[in-house]
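A, B, C and D label the chains in the order they appear, each numbered from 1.
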Amino acid sequence: MIKYILRRLLGMIPMLLLISIVVFSLALAMPGDPFGGEIDPTNTDPEYIERMREEAGLNDPIPEQYVRWITNFVQGDFGKSVKYRYDVKDLILDRLPNTVFLGIMSLIITYIVAFSMGMYAGRKPYTKMDHLIGGFNYFGLAVPSYIAGIVAIYFFSFKLGWIPYTGSVGVGLEPGTLEYWISRFHHVLVPAIILGLMSTASYTQFLRNDIIENSRKDFVRTARAKGTSESKIYNSHILRNSIIPLVTFLGFDLVNLISGAVITEAIFNYPGLGTLLLDSVQSRDYAVVMTIVMFSSLLVLVGNLLADILYGIVDPRIRLE
Amino acid sequence: MATTEELNKQTQSNEETEYLLEVNNLKTYYPIKGGFFKKTVGHVKAVDGISLKIKKGETFGLVGESGCGKSTAGRTILRLNKPTEGQILFDGKDITNVSGSNLRKARQDFQMVFQDPYASLNPMQMVGDIVSEPILNYNKRKNKKELKKEVMELLNRVGLPEDAYYKYAHEFSGGQRQRIGIARSLALNPKLVIADEPVSALDVSVQSQVLNLLKDLQDEFDLTYLFIAHDLSVVKHMSDRIGVMYLGGLVEVADKDSLYDEPLHPYTKALISAIPEPNPQLKKERIVLEGDVPSPSNPPTGCPFHTRCPLAKPECAEIKPTLKEVKPGHQVACILYD
Amino acid sequence: MKKSWLWLASMLLVLALFLAACGDSDEEEQEQDDTEDTEQQDDTEETEGDSGPAQGGTFTYAIASGPTGPLDVNFYGSSSEAEVNQFVQESLIDYDENLEPIPYIADWESEDNINYTFTFQEGVKWHNGDELTVHDWVLALETLAHPDYTGPRWTNVADIVGAVEYRDGEADSISGINVISDYEIEIEFVEAKVNNLVNLWTYPMNTTVYGDMEVADMEEDALIRNEIIGTGPFTMKNYREGEYYELEKFEDYWQGEPNLDGLVVQVVPNDSVIGALESGQVDFVSIAPRLAEQAGEVEGVSVVTAPGLSYYYVGFRLGYYDHEENVIAGQYDKFQNKLLRQAMWYALDREPWVEEFFGGYGEVINAPVPPAHWIAADPADLNPYEYDPERAMELLDEAGYIDVNDDGWREDPDGNEFTIEFSHYDTGDPAFETRAQAFVQNWQDVGLNATVNMVEVGLYYDTLEESDPTDAPDFELFFGGWSTGVDPDPSGLWTSDALWNYPRFLNEESDQLLADALNVDIVGTDEDEQKANRQQIYTEWQQLINDEAPMLIITALDAVYAKQDRIKGFTIDVNGWNNPSEWYIEAEDQE
Amino acid sequence: METVTKQDNTKKMKRGTSPWAIARKKFVRNKIAMISLTYLVLIAVLSFLAPYITTADITRVNLSSMGLSPSAEHWLGTDKGGRDVFTRLLYGGRVSLTIGISCVLIVTIIGTFIGSVAGYFGGKVDSVLMRFTDFILNFPFLIFVIVLNSILFRHVDGVIVLIIVISVLSWGGIARLVRSKVLAEKENEYVLAAISIGTKPSKVIMKHLLPNILSTIIVQMTISFASMIVAETGLSYLGFGVPQGTPSWGNMLSGAREIDVLQGMPWVWAPPGIILVLTILSINFIGEGVKDALNPKSYR
């Protein structure tokens, strides 16, 4: 197993290198540079812009630029953001906690909601409530997150005033205090629900179907025949069997969270890596764009690996060779 | 690329009888990948050096327990698998290493009837299309009417109603499906048909019908059969000569009668003793083999059978016996007969 | 079974309660804050009675996008950063409602526009308790001229004698700066330009805090990036970069203790700003004109406008620029016909356009100077280009642009197909395409085959700066906008060697007029005389542009703000608002 | 093969029921799927016949009728450019559906080709193709869109750029799925049988393997049809998609990014939103229906 993981990790290196070349070429091919845009002509002179270009190394030969970039990158130096005039590493470390928080919250919400609904629907299939949950699931799969986001802001923020529409935390709260964390929780809640909406629906559906299938299996009949109580049958026999395959989704979830975060953060003006990426793309802040893209690619690869590993652990029939 | 040795063999065989198929020391290994860099760390020796010769018009039976490599041998002979080593001569031509369009051309002459009548027919094709496909493949393009007529006749010949042409496989029973498979394999007028356990998946009641059909067809179409089965009674019914396989190798080859009346190899003896006797009055001693079949990826040294052989001697673990003719037409691989 | 049903129900209940509680808790917090404020308020009222503005309260100023770079005024890059540092850091001089410089912390004297003597107010305190002296200014000037300086303000010190030598490392100090005493300093410029003073950098840097810092390290230092200090009415208390900046009043402020307890600069995107005004979470915000009407409808909120310093235009790409030589190197043929350009100006129906797309918060103008500026020509001296499609068609006929093949579109004088592609930047704002389309229709209505070309904004400005000397330009007709600063001189946008002369307008007369207006030998050094002469020259120049029409000037834009009515003591003009230390919140509104 | 029979004297013979016929029967009995299909066809017909249904100009801005609420003249009101929302909705559907359908077709063709070749031939071919697929799956989507858009912006229509970009980067999923299905299906003896009767590899893939995994491909196509539409509208919503001047559902929805439209003019964004959600919903239902109908247990 360890051998397998190591081999997969090693296999990532050429892939990442290839991606890095592509990312780099794309960044080069991107029109415009960070020194264009709306300039205040009274405060800036062309010479300054040229100096900044020179400083950023944008005038060097391309392979040289690539080698310099990738060498530094591997050593943990991701360059300096032109827009923020700041180390990309620090910039990302600054935003990372917000995105991680959003992702974790979204996973937790997904799990809680999906488990309660899926278990209920699985135990009482074809009842009214089951159909209701089923309808909710179809709906959840069909509503694109930005539509859900628009509607949520429209009602919950503007009409009802329940949720904030921007930021990651209220003003003036000391980090570490209870209020601070409540405020952060409050800010992340709805974006997290929206982000988790799609996976909630598919989890629920999966769990429901799996429970129904399992409840018809022999070991359940045996347990029933032995007189085991219904709740024990469901909680300890069926659920355990149904949760296991769900675990393997975790890897894929990672991948979904990355792409989902971009749009969710954009809708809620949540200062995470997604909004940072969008801003940086728009302002041609290459160092930031390339770093975020590289890390999300890495995360996708790790997510896939995680999915495979969990799959192997959960289902011993699949041998990881 | 015939070497002198081959030429010798060919002339030799021509002197005796005409052999349609000649297999020399055929090996089919599957690599086992492992380790950090997915290197080949070993092999599954599915077929480990078998040699046999089949005369025109005869039926050669190949028996053995499941997993002994007989199906692989059949498929390798048909070049559906790539042989690792050895030589396959078909009608005097070496087909061991042909590939691509040459292989396709060669295939017209040897066909296969598959084991599973459910999996061997494409569920999305009409029966008529299934049976016409081989003909179309070799551009034996007659006009549509003619082609259809031919296919219908073929269907008729294997005992299917005419309207089978327009039906799909799922609308037939297992026995009928196997008839479709047989019709498909006969469409090209092959010289050799390899039947890979053609009745093992069928109900006992229809098994004999299919076997009899195969027999009838053999006469009518002048076919040569390589008949693969794990069931000795079925093989006995069908074959002229029989080869017994154990763990990738042949342990005994003989005429049908000679083999059943006078089995020489301990493994063959054990197999024959296990055939249920239709007459309960005749009691016979049954030899029960102990232990499991060893893994073909790690076969025992010496005689592959020595781990289970009731008559094994210490040297059996060291000396690997080869097939030797101990009586006319009766070959066995066992040191007891050295 | 019952259990899981209960679990589900209770989960949903908890969720709902939580949402509701969060909504409430904010209000509670606010109430709590307010009661504290009122208590304080009671004290002050007892002592001051009704005599002055009320003390206390916190004020929330919303900005649309978060600061991205260093906040410090000596290093900042984008206007978002200025939105924060304007409350903390102050300039030494100020400008009046005509954008003319007036003494503030410092007064100045100059006989010849070369040598300036500045005298500082005494007793002006930095937030750390230091007293402001001329040394603090010297530090700022030397930092800007330092070889390692990474900010964009070098031009603001480049004209001082010895600055170039200092920057090249040939001198240890700038020779043109002469400290006379702690409160008096002399600065010598390289040449006598009328705009030497407005061009000069007039922000100080605290010597105790920054004096020993390496210039190269400054940009990333927290003291420059976020924890800035200045002499302004508010001090930095707390912040979350890119989200909010919590400021506290500076009790020792030299203009007197501010009325407000504190001020929060918060990032509130345009999408959310109306909602934030409705819920009272934002007190004051610079608002997009199209949202102004909606903001005005919010109870307790009014819209305040001031003349702005920006204008929008449609530019013709007349020529191309040589980036090596930094000069306009040649001209294209397509739009060289003046009558064609004028006709396209007449064809534009600008009034309803401004009304619909800018909520009417703009003034249709006909020369590239915002009317709020003192050099702006009297509208009576300019051709107003009032919407007149008939006139436009007459001019086109006269210029030879006639539909000769009856396809409904005019051909060029040689009888070839004549198409116009109007490029507009695309930021994802759907209104942009609509407003570009409206203009294109105006041209179509007079028989010109015009189409819209929406271009992603990053690419747009890059393309504008490019030069394509051989073929036709990527953009032949483009939309743009400029903001002008306090310095009235338009040279940076209009001379034949200016990179930002996007139309690549090449006109000797224009170059000459712009040079004359800065030439002390022509305009004189006496303040009033100089002003009158410059105004005269600039009017002539505006008339030239008005007639040549290298740009179809569209409109000047007002600065539009939305403000809660409870905010008092607030005035605004073209130069911005009054000193924030004067703002207050009425005592009864503080509850 | 069906034409053969019609001309023949054998036409009186009873034809067998093909697996497709069974599936069709099952699908037609599925009420929800049929309702969804009807809805989808209706929307598609309305969209593609838009020029015959409404005469209003989709691009012409009308400053005098901006932001009108729904009325007899403008069924769904007008947007901020004074353009009829109903008309734009129809034309928008045309763009969004065209993009969706084109992308699905391209993605399916590329994905099926790569997946089946990799699965059928295995070995080196397989590992090279799968590395490539992994690489595509890891491609930075958003940046690629922007770069391609800006490289091609003056030469190729924006809608086509979007179709190319989405298609080129989205076939990875189908390729993997097809490969795994082919690997499984290859084990069936009918594939060996086809080889043994001398069928060429290309024909084995086309005539034997693909028809048998077609059900999976079709179900996957419906799923990706929905996600392609979501991708288009999402990109357009963020401002990286269909060019602003062209109406598409995503572009219409992006109107809701303006607060005054979101709050004051729901008729501009709600109709495309509702239509879009219903469309995706119906595509999903159709997908479910197809899946049920094509369940291989019914004919194997």
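Assume a residue touches a chain if its C-beta (ideal position, glycine included) is under 8 Å from a C-beta of that chain, and two chains touch if they have at least 3 such contacts.
Small disclaimer: the values here were computed from a predicted structure and weren't measured.
Trainee: Any idea whether B-D or C-D has more C-beta pairs in contact?
Mentor: Pair with the higher count of C-beta contacts: B-D.
Trainee: Report the chain whose CA-based centre is farthest from the CA-based centre of subunit A.
Mentor: Greatest centre separation from subunit A goes to chain B.
Trainee: Quick one: report the Å distance separating subunit C from subunit D, using the average Cα coordinate of each chain.
Mentor: Chain centres of subunit C and subunit D, defined by C-alpha means, are spaced 47 Å apart.
Trainee: Based only on mean CA positions, could you tell me how far subunit A sits from subunit B in angstrom?
Mentor: From the centre of subunit A to the centre of subunit B is 56 Å.
Trainee: Quick one: subunit A and subunit C, Cα centre-to-centre, how many Å?
Mentor: Each chain's C-alpha centroid was found; their separation is 37 Å.
Trainee: Touching two or more other chains, which residues of subunit B qualify?
Mentor: Nothing qualifies.
Trainee: Where in subunit A do residues touch two or more of the other chains?
Mentor: If we look for residues of subunit A contacting two or more partner chains, we find 30-32, 153, 158.
Trainee: Which positions in subunit D are in touch with at least two other chains?
Mentor: In subunit D, 146, 150, 238, 262-263 touch at least two other chains.
Trainee: If you look only at subunit D, which of its residues touch subunit B in the complex?
Mentor: Subunit D residues touching subunit B: 1, 4-5, 8, 10, 13-19, 188-190, 192-200, 203, 207-208, 211-212, 214, 296, 299-300.
Trainee: Which residues of subunit A touch subunit C once you look at their complex with the stated criterion?
Mentor: Residue list for subunit A touching subunit C: 30-33, 36-48, 55, 83-87, 94, 112-113, 116-117, 119-120, 123-124, 153, 156-158, 160-163, 165-172, 179, 182, 186, 189, 230-231, 234, 269, 271, 282-284.
Trainee: Using the touch definition up top, name the residues of subunit B that touch subunit D in the complex.
Mentor: My answer: residues 75, 78, 80, 104-105, 107-108, 111-112, 114-116, 118-129, 133-134, 137-138, 144-145, 148, 162-163, 165-168, 170-171, 181, 184-185, 187-188.
Trainee: With touch defined as at the start, can you tell me which subunit C residues reach subunit D in the complex?
Mentor: Subunit C residues touching subunit D: 270-275, 290-291, 294, 349, 352-353, 356, 426-435, 437-438, 441, 452, 454-456, 458-459, 474.
Trainee: Per the contact definition, I'd like the list of subunit D residues that touch subunit C in the complex.
Mentor: Per the stated touch rule, the residues are 59-61, 63-64, 66, 79-81, 146, 149-150, 153-154, 238-240, 243-245, 251, 254-255, 257-260, 262-264.
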